[in-house]
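Right, I'll just put the structure down here and ask away after.
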Amino acid sequence: MVIGIPDVGLVGPIATSFMVKNLKLELVGYLDSNVLPPILLFHNSEPLMPLRFYSNDKNLSLFYSEIALPPEHLYSFSEYLLDFAIKRGAERIIMLGGIAVPNRINIQKPKVYIAAIKEEDRKFFSERNFPLLKEGFMGGAYASLLKQCYKKDFSGIALLAESHLNYPDPGAAASALTMLASILNFKIDIKPLLEQEEEIRVKLRELMKRTIESMKTSGKEYEFTVPAMYA
Amino acid sequence: MVIGIPDVGLVGPIATSFMVKNLKLELVGYLDSNVLPPILLFHNSEPLMPLRFYSNDKNLSLFYSEIALPPEHLYSFSEYLLDFAIKRGAERIIMLGGIAVPNRINIQKPKVYIAAIKEEDRKFFSERNFPLLKEGFMGGAYASLLKQCYKKDFSGIALLAESHLNYPDPGAAASALTMLASILNFKIDIKPLLEQEEEIRVKLRELMKRTIESMKTSGKEYEFTVPAMYA
Amino acid sequence: MVIGIPDVGLVGPIATSFMVKNLKLELVGYLDSNVLPPILLFHNSEPLMPLRFYSNDKNLSLFYSEIALPPEHLYSFSEYLLDFAIKRGAERIIMLGGIAVPNRINIQKPKVYIAAIKEEDRKFFSERNFPLLKEGFMGGAYASLLKQCYKKDFSGIALLAESHLNYPDPGAAASALTMLASILNFKIDIKPLLEQEEEIRVKLRELMKRTIESMKTSGKEYEFTVPAMYA
Amino acid sequence: MVIGIPDVGLVGPIATSFMVKNLKLELVGYLDSNVLPPILLFHNSEPLMPLRFYSNDKNLSLFYSEIALPPEHLYSFSEYLLDFAIKRGAERIIMLGGIAVPNRINIQKPKVYIAAIKEEDRKFFSERNFPLLKEGFMGGAYASLLKQCYKKDFSGIALLAESHLNYPDPGAAASALTMLASILNFKIDIKPLLEQEEEIRVKLRELMKRTIESMKTSGKEYEFTVPAMYA
Amino acid sequence: MVIGIPDVGLVGPIATSFMVKNLKLELVGYLDSNVLPPILLFHNSEPLMPLRFYSNDKNLSLFYSEIALPPEHLYSFSEYLLDFAIKRGAERIIMLGGIAVPNRINIQKPKVYIAAIKEEDRKFFSERNFPLLKEGFMGGAYASLLKQCYKKDFSGIALLAESHLNYPDPGAAASALTMLASILNFKIDIKPLLEQEEEIRVKLRELMKRTIESMKTSGKEYEFTVPAMYA
């Protein structure tokens, strides 16, 4: 199951919503809770819940959120989502996200780092020379999901593209998508993403703002430092 | 059941209270809870609860609130109200509300957008060339109610008139009422509403102030942006 | 049962404490709770709980608070107090309070408005030409008590004297007392109240301060505006 | 049981800790709870819990706190402590405390006022010409304990020495101790207390700071005003 | 069981992480909870929970946290950790920590004070002329753990090196480690710790920042004052 949750650079929602449109995935469900803000979407005049599941005929499924998640409920959210994925027969979860780099402005093609819970996954990626996240902290929704994977010994993989921290980053989303496509063996044309960069940035300003607030209390600050163990 | 809850431009309370007076609806009940502020009203020296149900001999019923609802309880409020409406045999709920537009001052006749949960309702409206809400977020009490309709596959319809965000907007209320009258086939003279514009604005200043506060934590800010999916 | 709770102008505590002294009512009980601040009083070296019940040989009973009530517990407080009054055989509760008027300084004899829950009470008062509260919001502890009376169809009457909002107002208390005496048919000399005006104002400054704070979150602001229904 | 809890002028902890040392009382127990801050003391390298019980061979027992108590838990704390004292056979609780006076700086020998719950105690003191607290509010931990005594008709006595409000006041503690000694018939040399005045003031600055904060939300402000009943 | 929790100067995490590396301890478990921030670490691309248990073949076990603990949960955390240690057969817990001294900058070799719960432990240390903590308050996570030891009469020992309060202090960690090595009879070369001083300080800035915040509400301020008992 591919996962796109608002985080650094909004890489997740940008990449997963682009997938839904381009791979013509079908809406198959939603997730709701009384701790989520009272928000509903409309598209082509049809109502849509802000947290939704999509899939295609084959075995690609996707979970995606249009709104920032409340940081104080990340633990129970992650626990619920992973249990759900396992019950539905998912073999792994692949999160699309960003990793903030200060010099993002000078990077043409953002690199994508892979964080993987299971030894066999790390072996798979390193054999293919995919760059693994080596050292450091992860915070936020994806760290919470990876912790649940760790506790349940489930295959959890995060693709973290070099990204702006506080601006929606379609370029980073494009890099993450390209990596995902090469892992899952599907084709996707990421050019439109790069062309709409400025447009997307304006349109997602509120989601970015709420995401930044949400990140403040979910341990993201640790990400820019080094664990004591390796200091 | 027609619903008027304080929201953008106070369109709901202005329009529904006008209906009660002009259609001579009768008070049939109230809703109370320990999470509501301790407020009671008097009219012609008679006490009135701030959240009330009205109806006529025929099948028109109406729910209406004189006070802003506490945003942290919108979920349970919506769940309760919809369950109640269904149990009482309501076929649909029609919410009267506003949609903030920056250039409201230049608009003579505010347009009314329709957000509808059920496919058959949307078909009904588009066949009659009524303008449907196409793309975007909805937040606040009505989004919360529409989410409940979505989850229960119940007919939920919001009539959203172009409105001032932070000022009571009798003109928007008049437009919403006109639309409602044409849908439900009743006659109502909205001229008095337009004539009392300034008076109403002054009188509802406290309700407006509380409503603005309440909207701050109920996801209304998303309304001015575009979902990632369609960015 | 006559009730004096700190509210606008502290009319309730000033009037009821004056009654206790002048009518020589006897202490018959108290109300305590873990949500009240840890406060105890001493009078003639004897300890007194801050929320107390008094009565005389005949059927006059009185409840009275020396401290501001926590606004977040008004609902359960009102529910408890009314249930208690009913269980003890009270036929009605009469609250002594104030209604803030901006020009209080120019008013010699404050007028007293009556808010009454039951139709028969309103008839009784209007037949005697007592002025009923016609239109508007009531907020705070008395609104909370009147709501409970409304829900239980119990006779609840509030005597609201024109009063300063933020200053203890013995003059308003005198007016409320005079009205109460004429309703309940007892005699009371209110002159001392008027003579001690300045003294009382200084002595009750802390209670006034706490009461103002408590009123901030109990819907009192609505009192100066007009319900949408009658805008 | 003699009680010393941080309050006005830290009279309680100063006086009771001095008693423990001078009367060579023995440590017999402690009180702990998950609502207390995580604090432990060391004395002569031995660990000590911050809330402790002491006693001597005869029937003198003492409870004493080195830290400010959380104001939101005073009710349950008082209830627990009194129940415990009663179960252990205590005949009365005597609290050592302060009563803030503005002109403390000009007072050589602070006077000690006695607040007593039971009629027989008040009679005992007035027969000996000990000054009783006549009129006014008491707030804070001791008011909370006295309220529990009132509710359980148990002998509760507070010795309140004229004191600085915001500075540790060994002089006030000496006065309270002298009064206690004359009531309980023991001898104590209070000279050392007076000699270490400045030293004690510096050493207890953190406890004073926390106590001031704790007093802010426990009704102490009422202490400087007059109850409505006697205004 | 040796324990390293972020506190004054981060002595604990610096010292224990150094032990893990140098004594080649093995990861044997972790502790997680929904009250911890959503944080995961990576080392050599492998995921690591932020609170971990290590041990060697012999009977040395170690618990260590990479993140600041939420102060409002220290009580239940300490209770849990100690119960766990006891169940696993630990004979004692030895905490590595710091004690803030204002003149740290002038101290070449920080002294280490020992706080010990059990009489026999204190005897052991004083016979070997190890300096015991004589007088004063302890606050924070270690005070919370020592309180639990006190309540369960379990051997709890804190080694507190003179340390900077607000800067990571590898020199203090080195002193604490040297003391631990001499107690537990193992050899460790602390030179690398001293050489990386500046590097470590930069790398641990976020952990230091969070730890400072956490210390604010866990009674650490009392540490710089003297208990009333000994004032």
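Going by the order they are written in, the chains are A, B, C, D and E; count residues from 1 in each one.
Throughout what follows, a contact is a pair of C-beta atoms (placed from the backbone, for glycine too) under 8 Å apart; a residue touches a chain by one contact, two chains touch by 3 or more.
Bear in mind the structure is a predicted one, so any value in this text is a computation, not a measurement.
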Next on the checklist: Spelling it out: a chain qualifies if it touches chain A and also touches chain B; which chains qualify?
Outcome noted: none
Item to check | Common touching chains of chain E and chain D | outcome: none
Checklist entry - Quick one: chain C and chain D, Cα centre-to-centre, how many Å? => result 36
Item to check | Distance between the centres, which are taken as Cα means, of chain D and chain A, whole angstrom | outcome: 59
Next on the checklist: Counting only residues that touch at least two other chains, what does the list for chain C look like?
Outcome noted: none
Checklist entry - What sequence of chains forms the ring when you start at chain C and head for chain D? => result C, D, E, A, B
Item to check | For the chain A and chain E complex, residues of the former touching the latter | outcome: 71, 74-76, 78, 115-117, 119, 122, 126, 132-141, 143-144, 146-147, 150-151, 217-219, 221-222, 224-231
Checklist outcome for this item: chain E residues touching chain A in their complex are 10, 13-14, 17, 20-21, 32, 34, 37-49, 64, 66-67, 196, 199-200, 203-207, 209-210
